[in-house]
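Heads up, there are several structures right after this.
Two complexes are shown next, each including chain A; its partner changes from chain B in the first to chain C in the second.
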Partner chain A sequence: MKNPVLKRLSRYFAVFKISFHQEFAYRVSFIMWRVRNIFQIFIVFFLWDTVFSTQGRVIFGYDRTRMLTYVFGLIIVRAFVLSSRAADVAGHVARGELSDYLIRPIDYFKYWFTRDLSSKFLNISFASVETLVLYLILRPPFFIQTSPFSIVSFILSIVLAMLIFFMLLFIVNSVPFWAPEMGWGSHFLLTVIFVEFLSGALFPLDVLPIAFQNILSFTPFPYLIFFPLQIYLGKVGTAILIKGILVSAAWVFILWLVMKSVWNKGLKAYQAYGR
Partner chain B sequence: MGDSHFGYYQNEISNFQFPIKSMNYPTLHFVTGGVSRWASSFAASLHPHPVRWDIREVRIKKKFSKPKKIIEKIKILYLKLALTLRGRISDFGKALYRFYQKYSEVFLLEIRKRKTDKPITETLLNSLKRLGYYMRIWYMMSKNSFLMVLSQKKVLLIFLLGKVLRFIFFMTFLFFLVKGANRLAGYTVNQTIFFFLTFMVIDTTSQFFFREVYRFRHLLISGDFDLVLTKPISALFRVLMGGADVIDLITIPPLYAITIYFGSLLAPNAFQIYLYFTLLISGFLIATAFHIIVLSLGIITLEVDHTIMVYRDVTSMARFPVDIYKQPLRGVLTYLLPIGIMITLPAKAFMGLVTPFGIFVSISFGILTLYLAVRFWRVALQRYTSASS
Partner chain C sequence: MGDILVLMRKKDDSTEEKLEEKAIIIEHLTKNFEATVKKKGLSGSVASLLSPKKKIVRALRDITFQVERGELVGFIGPNGAGKTTTLKILSGLLYPTAGFIQVLGFDPWNRKPEFLKQISLVMGQKNQLWWDLPAIDTLELNRAIYEIPKKRYVNVLDELTSLLEVKKLLNVQVRKLSLGQRMRLELVAALLHEPKVLFLDEPTIGLDVVAQQKMRDFLYDYNRRRKATILLTSHNMDDLINLAKRVVIIDKGEIIFNGELKELISQFAKEKLISLYLSKQADIKKFEEIGEIKKLEFPEVVLSVPRETVAVASAELLQHFPVADLTIEEEPVESIIRRVFKGERISRSKRK
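Here is the complex of A and B:
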């Protein structure tokens, strides 16, 4: 392979394939993770199904069809955005395994982003099947977006959300450079608490008062799950949509700078503990 | 059974005055009064030949209180007899085996009778002593566990902060959701929050006591569980309650205070409060049973981490009253995976929404699930292979 770009790409394609196979090495873990996701969807679905049990009811700006579509959309958007392997970076740093990767002819960020893509690919495959099965079991009304502009914006917002989440994870997983024992703790705080509650992964943020929503709109969290789903459901006007996309892009840029800065400082502090 | 094995037993039974003094007049020395007379006539009736059996005494030490030990001793007795007489007297072994079977049963009855003959105060005192012994061990293990966590104060702070934030976020969400929707499955804001708080009380308290379950897999795959089994305490107690969680201990007092506050807003009467506590205990029994089942499955499958998280996910369905789920899911959550009984029912009793049948079902379920879980643990323990040690 003479083309250097293709040669470089082939490296990451190999990483993608290996990572994909690694996911199957721990089948029980993966299946359990999917089972847990289904439980979460069950809870949210029945909660909202009860709230909208009265025909024609509109609450928080949603009718029954849009709300249940939001719940089903969660399965797919979560698989796209929140499936990730970059959480293992903290372990690499804490155990000194990072040294092995620093001497390899690959970019560490791209390596983990490729692994993330591999994880997302696998999770989306399963999420699609789960959505279909749950749809057949629960038979909810489903809103289908037909506007090409909304669909393209939805896809763009998902791509930006994936980048935001990747960078957030990388920044948080850099903590072990300075405090090796705090890798899991900081990851827990980010993913289990902030992302789960403030991204709209558990409930649509419209439930909260306007003042809360305004404050949240200045953070990167609503652009992970809530904003893409709002676009799909056609709940945002063109001006707000463009503004949201621009804010997401700005967050990608800011987080990129922060990630680079933190990583470079971290590498200087890195002492390869355990090696 | 090989000779070496038998040799081991020989040492064990050196306290027995045994065996046969004469082949023509085999004499067994037994001590147990009525039993010896019964055994004498029984043995005589078993044997087809006119051999005189003089069964006088069995010197089994009285300190052997556990029936299993007695059975082992009698087995040894039989083995020694059979080996001594092997090939000398036809069908003696068979007869003696039947004798052993019958005798052991009678002996066990004797022991049980003797146990019940003890004054109740003595039995109570022994139980209290045992309880005090286990409480001292629990205190010691919890202290060690706390010291381990407290040695990493930053980590402790992060997890504490995470738990507090999660609680605040969820309460906020519930408040605005039910306020916006007016009611949830017919329940008001305060009632819905009280369901959630009851879930938190059971979940946090059981996590505080049973945090060690989350570390059980390591014990299994490293083979360290063998060391637990050799200790003179219940292995189940050690792996279930061996590491109380200091973070939960910190969150429990404010959680209980908030629960009492929201409970007071529902204005219950004394009987409803009494029922709430009774059913809460029943809920704890079910939670304990769930944790024991997870441990038992861990022994059989070596999988603990995901099983416990699935348990957490299932129970988290009861953060809301199970009334929000449609049938057949509601039935499954109430009776098959009894999280409805475990969490929703106590809160309903507090609101005066439970029938006497519901109370009966709850208490019966609590006791039954715990009993079955302990049985399952025993079965699982027999399947422990100690493969990693």
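Here is the complex of A and C:
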């Protein structure tokens, strides 16, 4: 008899595999999505490059090197945190495709988290190549973090960020249980308004007024992009780092509870449409 | 003391065994849906947005029936009667509003893996096969999900694909398959884990006659060989007549009949059919006075008459017409079921 844990894992490995195949079935759309990412980086890069065109200029504590590192770090962190398949959950709920998963002995959260990992794996592979190419083209000064403590904290914060984003998506994507036509709207609100603006995916958040930053530091959003990058750039002291890790871990816990309870309520309201 | 314990255990065992004989138990099952009522037009949409009016839709009203292990039961009724809702509750997709249900000794709503590994739900219009990939990828995924040992998987897959004649289609992208091919592969995916209970919702919908027959042959065989319990809904008369011995009829969320097909006829047939062979031409109009003409192709005439008057009618026919031969038949089961599908409230005839 094989190890039961191993057996259960092999189930999710199969999901990982098929998900990977699926991504390749839509090669063109995947490439377009990567192209979009590159353009985004270009725009943000040139914006800040222009701002820092005067020698030795420092804005909000960022010199040219750190700002451009921030921009490059964005590619990698975005690929880790914001590339997610779980956005399809709303459609599954609204169109009743969820039924196909509920009927099989597989955990729906783990299923999507596995698909997320598969998507992230693919995106990161591409993002690494892109970063290298862009680096060779733009030749920006790049800040390389050497402190092992910072690197370990950086990785930890990325893992927490991935979990936070996954659960935020899942909660938002539960809306169609009660309002099947609102899935896309609520998703848009979360990813475009909250995540893009408040996570630091467009600009480093410390350009914002201090009071606003303080409020933000208690929401889950800055821990998605901004906080991990700050750790990498070595811009946070140990006290703030520990506070940040604790707050994001707390959010992981809170969001997990919310996700479970919303989902259980949702399943009771689920109407398994489509017939 | 010890003796009492043994006795108690014995008693428990026997009740358990009794429950075990039933694959499906449904008692006083009720399901209400909440639906938002929307008025027509833009003003209606705005109004429903501002103050949504909720309406309770009573999909199932206190239904009760059971299915034995290994039984194949047809579950029929007009559209919107509650058939699919019942299947969805039995497979754990929908939360019942009230009542007791048990499938293979499990409460479906808990969706325990041990339960899910023993059941399957196939819906004619749903697909679990990944659209962009060949079917074999989904099958491999299911092998992992259901933890089917490799050897068993190879054997079952071989058996299913040859029975359903889809071996060559396994490596074709699903979207490139015809509906009939896809449905058969859907069935392979649904049966790969050899479920003990099978919920089939319109398994032959959209298939051509040949494909329908293949599907029926297969289901008949599967039911017999595996001793699998099958609950089947279908609009296809042939499915029911060829496959199901017992039928449960549901209408407006209530069970109106539960018994063998034969019984259905004796309980619900309001009319009998009289077929005549005439020796000479006769006046057609006079037939109309006796009963409804179902067929008129000289020399054969088929009349439908209320069953209470069948004796009088045949006497009259024999007396006034040049009858060479006369037989009295029951209303065919198709026509009874058709009446059920039309939503005609079939009333029990007084005669039993």
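One rule holds in what follows: the second predicted complex is superposed on the first by the 273 of 275 C-alpha atoms of A that agree within 3 Å, B and C clash if a C-alpha of one lies under 4 Å from a C-alpha of the other, contacts with A are read in each partner's own complex, and residues count from 1 in each chain.
The criterion applied here is as follows: a contact is a pair of C-beta atoms (placed from the backbone, for glycine too) under 8 Å apart; a residue touches a chain by one contact, two chains touch by 3 or more.
Values in this document were obtained by computation on a predicted structure and should not be read as measured data.
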{"item": "Fit or clash between chain C and chain B when superposed on chain A", "value": "fit"}
{"item": "Touching partner for A:I106 - first (chain B), second (chain C), both, neither", "value": "second"}
{"item": "Partner chain in contact with A:I18 - chain B first, chain C second, else both or neither", "value": "second"}
{"item": "Partner chain in contact with A:F39 - chain B first, chain C second, else both or neither", "value": "first"}
{"item": "Which of chain B and chain C A:K7 touches, first, second, both or neither", "value": "second"}
{"item": "Chain B versus chain C as contact partner of A:F197, first or second or both or neither", "value": "first"}
{"item": "Computed vertex angle (chain A) for partners chain B and chain C, CA, steps of 10°", "value": "80"}
{"item": "Chain B versus chain C as contact partner of A:F60, first or second or both or neither", "value": "first"}
{"item": "Smallest distance from any CA atom of chain C to any CA atom of chain B, in Å, after fitting", "value": "5"}
{"item": "Residues of chain B defined as touching chain A within the complex", "value": "152, 154-155, 158-159, 161-162, 165-166, 169-170, 172-173, 176-177, 180-181, 184-185, 303, 306, 309-310, 313-314, 316-317, 319-320, 323-326, 329"}
{"item": "For the chain A and chain B complex, residues of the former touching the latter", "value": "28-29, 32, 35-36, 39-40, 42-43, 46-47, 49-51, 59-60, 179, 181-182, 185-186, 188-189, 192-194, 197-198, 202-203, 207-209"}
{"item": "Contacting residues of chain C [partner chain A, same complex]", "value": "33-34, 84, 88, 91-95, 111, 113, 116-117, 119-121, 123, 125-128, 130, 132-133, 137-138, 140-147, 201"}
{"item": "Of chain A, residues touching chain C in the complex", "value": "7, 10-11, 13-15, 17-18, 21-22, 25-26, 96-97, 99-100, 102-106, 267-272, 274-275"}
